[in-house]
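In this document, chain identifiers A, B and C correspond to the written order of the chains, with residue numbering beginning at 1 in each.
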């Protein structure tokens, strides 16, 4: 109680004799005038984000319009891409983009699922954390590093140990010979796909792992309580639990692969036209833009490249939008 | 009202409609809505100067909601609205006095298009302007869990004062010390005023929040189950502090602890299902309850 | 019955083994990448790399101009991204996040998070390079800012949403204007998280190449003039790696190693901050 008794020393309360004038005695709040301004500043920043996306679409549409109106539908169906004769068709690049992305996804997805499941369900805790951290760190490595590694380390090995033996052993005239045809330098559609898959792997594994961790332990325990093996728990309880989210992760990975520029540009060989074997050189939408934009020969060439950008935007926006919708509908 | 003795208003005064100026704050016929759900039904609450008023009742009865109406903290959340009157020193604080009504209307229209909120709610939920801020400074609040700001003990208390006054270092030192002394925290923290407020124990943090609340010299201090997260010793200290504060302030406390209400409150209101079932001097309410519900509750038969 | 259980066990064993193999294979591949990066890059790192400008083919040189250019553009991009991103994230968390407009902003911000960076390069080319008839460091910085802002916005919103309602109410209950509650209490309480957002944004843009190719272009010489084309580490790596000169390739590897080390360190620092925060 001592503390209380000494409490009033040196305290001079403001006079509060009658009720009515208390409010008028109290000075106004300092800085209250800034409240609406601050809110509008925040709102403007949010709107700026929105406007930047809008501006991106509009500028791509305006920039690409000359080429699109010049070539019409043939821009999407023609595989001819010839700056010399000023004829441009996007079909080769679109095909290259879709093929490399889907192959990369097909390669990376099972591995990513394996990693995530292993880390969450089976791995001893003591090493699961460091591995998970390592995986997340690798997801942040810039793509140009993957590209250089692909060009200088992976491509020569790939050419020597995969491409050459397959080409040598393919019987003349067989399907295998057609499939494996190409210049044995390691720069082709398949190696670009593999590099892409390695690049999206840590990212997908990290997101999948987070998704798996959202499954409540009771769900797991209930399934084990019924006598399920770990495999049955994962396939029949956990996977259905996060199904929508998993599709979202797949789409996110796909979105990354579709738009990836540098890792692909290094190893795809950069040849225009429709790829006719898995070892053919090719090009993607992004790699074509990266390679040719600064050296574009004329206005139509530039416009055609921007039109490629528009196509890439439409594809990736669709995929990413679907991914986000699926991920956000996943109830955590 | 420092000059007043710290005795509670005699119980008889309540029964016989006391003179108006005895009331510092009064809720009259207050309804409250969370969106479409009504949480309060015509609640009346007289709060008498320099007394401790306690609100008791089972969880979900609306006692915290009522507290949140008194300083309109609910207005932070779109969709929550109150109807009725809350009178502070003779001034209705639940509704805005419409200065420049055309401007107010424009503002609320702009707000409406931006937030998509119901314009009627915007009318009552004033988002711009100083009146609401000043109301909140006049009716302070302490929350269930301690909420020290992420700054030093000293700055925690100086923060609220700086909003209203430019003070010299010496003046501010004095205000901080006084507030801490009144909250019975000074002796424990005087050597570490500049260490973070988050470093204190739970009970100390709660008393820091009390000190912060009274440093701006509110007329009424609202406490929403302030002891629910505290151990018995800290609770006892906090209760002593509140009884001492009664000299200078008016206290309204929500508690689920009947003994706490019996120990410290001069008046107690019992709420049930959003209605004020009974209100009166604490002794009367506990010893001679008029309502069966109240008797059942205070004797521990439910709740 | 016994046969069925045996089969179940076998499938289970195979499944666990497959998961383990996937993990081992992936870790091996990724370790291999890092290892070869170190092996190839470490030889190229010497004092010259940090003190000399990019050389013409066949002569000695370093990466000084590229590093300075990268730093200047990243710093300016982060200044823009932090201002816009924190304000936008604050709006989503404190003001309009629950509205339909807020939902649209949040959704499109999430899409922007993983939008192809080369498109941002094209956009900024149309926006700043073509109208002003010249590549510039400013254009590069703006392109990078477009990439970093969504990250800062996202982390800001997430971290502000973690702050308790009681803390906001406590500030408001003192009569504090909302913007002061936000600035002095909520932002401060969320300090480490906001820093994390900024660092993540920086890590993302410091290795970005594609958006710089058509905006800042490149520059063989030292230049701190942001109105002129500017060298950057990723663009120099791209140019040198695809060249036929051994000196250039050596520098490209050294540059790639430097970028990887910087990005990894930032990410490790971020984890450290997040961890400290959790223990506090």
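Side notes on the structure shown:
One rule holds in what follows: contacts are C-beta pairs under 8 Å (C-beta built on N, C-alpha and C of every residue); 3 or more make two chains touch, one makes a residue touch a chain.
No experiment lies behind these values; they were computed from the predicted model shown.
Ranked by C-beta contact pairs, the top pair of chains is A-C. Put simply, the chain farthest from subunit C by mean CA position is B. Each chain gets a centre from the mean of its Cα atoms; for subunit B and subunit C, those two points are 47 Å apart. Subunit A and subunit C have Cα centroids separated by 13 Å. Taking each chain's centre as the mean of its C-alpha atoms, subunit A lies 50 Å from subunit B. For subunit B, residues touching at least two other chains, in rising order: 114, 133-134, 137-138, 163-164.
Shared interface positions of subunit A, defined as residues touching 2 or more other chains, are 29, 31-32, 35, 43. Counting partner chains per residue, subunit C has residues 95-96, 175-177, 180 touching two or more of them.
Per the touch definition, subunit C reaches subunit B in the complex via residues 95-96, 98-101, 164, 166-177, 180, 184-185, 188-189, 191. The part of subunit B that touches subunit C in the complex is made up of residues 71, 73, 76, 78, 114-117, 133-138, 140-141, 143-145, 147, 149-151, 159-160, 163-164, 209, 212-213, 216.
The touching residues of subunit C, counted against subunit A in their complex, run 8-9, 11-12, 15-16, 18-23, 25-27, 29-30, 33-34, 36-37, 40, 83-85, 87-88, 90-92, 94-96, 102, 104-105, 107-112, 114-120, 122-123, 125-127, 146, 149-150, 153, 175-180, 182-183, 203-204, 206-210, 213-214, 217, 234, 237-238, 241-242, 249, 252-253, 256, 259-260, 263-264, 267-268, 271.
Across the interface of their complex, subunit C is touched by residues 29, 31-32, 34-35, 37-39, 41-50, 52-53, 55-56, 59-60, 62-63, 110-111, 113-115, 117-119, 121-123, 131, 133-138, 140-149, 151-153, 198, 201-202, 205, 229-232, 234, 252, 255-256, 258-262, 266, 286, 289-290, 293-294, 305-306, 309, 312-313, 316-317, 320-321, 324, 328 of subunit A.
Residues 1-2, 21, 24, 89-91, 107, 114, 127-130, 133-134, 137-138, 162-165, 174, 177-178, 181-182, 184, 186-187, 217, 219, 240-241, 244, 247-248 of subunit B touch subunit A in their complex.
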